[in-house]
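What follows is a pair of complexes built around chain A, which joins chain B in one and chain C in the other.
This part shows the complex of A and B:
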């Protein structure tokens, strides 16, 4: 009688499969399952009660959820566009520098070296209505007498968060676009000059198509970043006041860990993931289109 | 169409001067080739005409305008680059029409100009492809097409054929010459290849180390090189140069035989003067395998070290007056290394240079 033996390829893949199952698959399946239960961290037995799509229906019907969803999309749109424009401007300026460019490039990356939590604390201080830098500066310059409630007013708080987000991440765009600018060949630009292009026209028609792939990579990376934004907001406003700066993940985090409603939090999480997936697919499509334009796609 | 003039044109990079006061007048519809070894300043000079490099001193003019401070777009020039410099994200049609589109010409005019250029360069069937889908020769033609649609005052070519393989290069060379005949225009063409220079040019400008060494028609620079540099740079194989001294009406080659002073140099040399005797391989041939030499000639014996059969002729290598010398053998027969042959040197075709200044003596 021959003993049953596992096929060799399976045995060889087994370590990888075990790790993947333990680290990715089980948590994924468990969280997906729990989103169909009224699971609360404080009551473990609730994990075994099946309630179907109740959590999903609750989320979809929740005004708070959609407000947070909309706010996240808004933050993502505004932050990405402004960061892209500023990063592009910064990269173009640094690209013109001939002396001390290396030092400038390093300086430019400083904001990326700080933990977002610390950035949150720093901007919480900067925008504090009593002792904050901004109000002190405005009052000292005589521009205003009142203490502007930067982090209390809903719109101002959103702008403050946006400022912090941009400060910490514009350099992601700047660095990637600068890398793109370094890769632009000199000849087509010179050909464009001879062909009658003004500096703006050569940028618009020649340089920009060359750096578009780099811009899309930066957009893809940053869209994932902002879609899961949590730390800066959590520190600066904690989603408040009264949910006025609540984003998807601050809401999900609170629901899951503060209110202990893990089943509901997981359901919202799964809906939110689609946002991230959508943006990733969108920007990668754009990236491939831009690369095909340049004849770079394989 | 227009003339181009360069007066005392200087180019400096910081302290380093690379072009030293060049003077050149290029006529309307003239095909001028700047040729020289790499680093001689020929490309820099071309790029100063184009406006891609600042002019550190002197004056560059196109037509009756001084263009020193005009940006390239205002000079009405076209340039063909060594790496073609096509716009990779545009189709051939868009590449060709780009300059006209930037100039905001009407659609119909652009279309007509593009079709005309595509016709001249047989690119019509590739108009909707992108440069990435073209071969090297086709890309080269697109680059030329992009230059001709604009009907510029001056065409500038910066080593346009050096990225092509040998066969294609010869073919494109002919096409460029045809193009010049079809589209009458002033052309400034830079190359390091003296064959390209000889075949294309109305006039050749030979440059070295930022100076012009000689300006002349291809035949002038071939037959009357102004100095030893031009003599060795133009023509293949390069001219043989032998050191010698003038002694009682003859030239005593260092450690070798004496030959008579060529007639065209008599009276221009003094006794005891150190000179260099130059002659091409075509003018040193073995007795019995040579062209008829009706004029004055000398006979020399030389041992052949190496022979290179080329079919209709054979190149022979030997040592004469301590220098390696190349000779040519017509109606060739096999020659074994070490064989000693009698050679005829055509004195009427010899050149004499001053050893100190390297300049031609006659």
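This part shows the complex of A and C:
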């Protein structure tokens, strides 16, 4: 009788499989399962009570959930577009610099080194209505004599959060686009110049197609980041006041950890993941299209 | 080393060893793991743990030291993971009801009559049902009224207020008078009449005490919401009116305790309902621009003739899963005994033992401001009541506060905001099987 032996390829992959199962699969399955239970952190026994799709139905019927969902999509759309435009501008400017470019590139990365919690505190202070820098500057310059409620008014608070997000992450775009600009071949640009193209035409028809894959990679990375936005908003406004700045993950975080309703929080989390999946697929399709245009598909 | 010296040393060692075992503590060799609240103001008390260790022979290992919000998350994680091997935990009367199964009833482990030495209302607020789940430490909180004396001493203010209202300008005894004075004092954006905590549990706690002062209740006996009532509406109108009149800083809906404390200390707020821990800070030359100008009186009353008095206190609890509950209860009793409370209240916090209140009043006599503050807090404490003792208090506050904010900011009418909040709380209570 021959002893059963596992295939060699399987044995070799086994450590990786065990790690993946322990670190990724088990938590995923457990959280998915708990989203079908009324699981509360303070009542462990509630993990074993099956309530079907109750949590999902509750989330889908909740106007507050969809308002937070819509606000997250809005923040994602505006933040990504503005960061991309500013990052592109920054990268093009830095690309023209011939002296001290390395120092500039290092400087550009500074905001990325700050913890989002710190960025949140920083901007909370900057936009404080009473002792904040912005109001003090505006009042000192005689531009206003009232305390502008930056973190209270819905639109202003949204702009304040947007400013914090952009400050901390525009450099992600700038760095990636700059890497793309370094890879653009000089020959077509010089040929275009000889043929009488304007700088705009050279940029639009030669440079931009070359850097589009880099832009889409940055968009995909940042879309995942913003879809999960939590720290900065949590510190600056905690989703308030009156839910005016509530995003998906401030809502889910409060439900899970403060209200201890982990089952419901996980159900909202799983619905929210579709947002991240949608944007990731969208940007990867765009990335492939851009690569195909450059003859790089494969 | 000479032979004689060696023999003497050996003899001494043997004597100490024998003596040690002869005077062995009650809990020799017991290890108590504790999760305690951390922070400068709480540390002095922990120095007494070494004395308890020496007296009993037990050893205390502090395995976590965080603020209450962080501890709350940690306790919930421990409950979820079943990692409850530790014995003593810091607790708070506003949080305790969330963990009904985490802590044991301390009564069986305490000497008879021991609990009678605590202020009865604090003992009541330390229970879940009939179970005494914590012993209160000298960290009792109830809010009284701090005000700027100069605002009242100003002759122009006095004349103008008299002309405007027909009443003399004096620190308010009712919340209606408070509102009128706050609007009167406001000179935005440089000076505001008052301010209030504007989010999370803080604003719901303030609203809760105002509902009581207006003669209402936040919850009915079966825990269904009761605040969508005339008293509830009139309580919320107080917050809305002050905001709409511009008598509070526009950012007040995002303020919590630290923002309020810093605000009053900046000397730009006339009236401030606040906790005892701020008294020294407000009158400190180095910490406050209002130093020397701060008056303290008992908190005002609402239209029902009831004073506000939402209160809370810190305490220590023993886990149900603790291996040596008797030793843990002994530690908890030690940390809240008379000596411990005298030590802790010397830092400015309020005690929860009757005898220590007398001691604190006596000690404050040489300092007029401290004496004024202690007198106000002593009277304030007599009107105090705890947060609603339901495990769903924090969850309810998370449903109520966005609606209160919506009314304050004008997004909803008072009626709509309270109707929506009551509906959400009702649904939550039913979902949790409360009724």
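In this section, the second predicted complex is superposed on the first by the 286 of 298 C-alpha atoms of A that agree within 3 Å, B and C clash if a C-alpha of one lies under 4 Å from a C-alpha of the other, contacts with A are read in each partner's own complex, and residues count from 1 in each chain.
By our rule, a contact is a pair of C-beta atoms (placed from the backbone, for glycine too) under 8 Å apart; a residue touches a chain by one contact, two chains touch by 3 or more.
Remember, predicted model here, so these are calculated numbers, not experimental data.
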Three-chain arrangement built on chain A, chain B and chain C clash or fit: fit
Which of chain B and chain C A:293 touches, first, second, both or neither: first
Between chain B and chain C, more extensive residue contact with chain A: C
First, second, both or neither for A:257, with chain B first and chain C second: second
Touching partner for A:66 - first (chain B), second (chain C), both, neither: neither
Partner chain(s) touched by A:242 [first = chain B, second = chain C, both, neither]: second
Angular separation of chain B and chain C about chain A, which is computed from CA centres of the superposed model and rounded to the nearest 10 °: 150
Contacts of A:10 with chain B and chain C, given as first, second, both or neither: neither
Three-chain overlay, closest Cα atoms of chain B and chain C, distance in Å: 53
Residues on chain B engaged by chain A in the complex (per definition of touch): 50-52, 71-73, 77-79, 81, 83-89, 98-99, 102-103, 130-133, 146, 150, 156
Chain A residues touching chain B - in the complex, by the definition given at the top: 185, 187-188, 190-198, 201, 205-206, 209-210, 293-295
Chain C residues within the chain A interface of the complex: 73, 76-77, 79-80, 82, 98-99, 101-102, 188-189, 198-200, 249-251, 253-254, 263, 266, 268, 391, 394-395, 398, 401-403, 405-406, 408-409, 411, 431
Chain C-facing residues of chain A, complex: 38, 41-44, 128-131, 139, 145-152, 237-238, 240-244, 254, 257-262
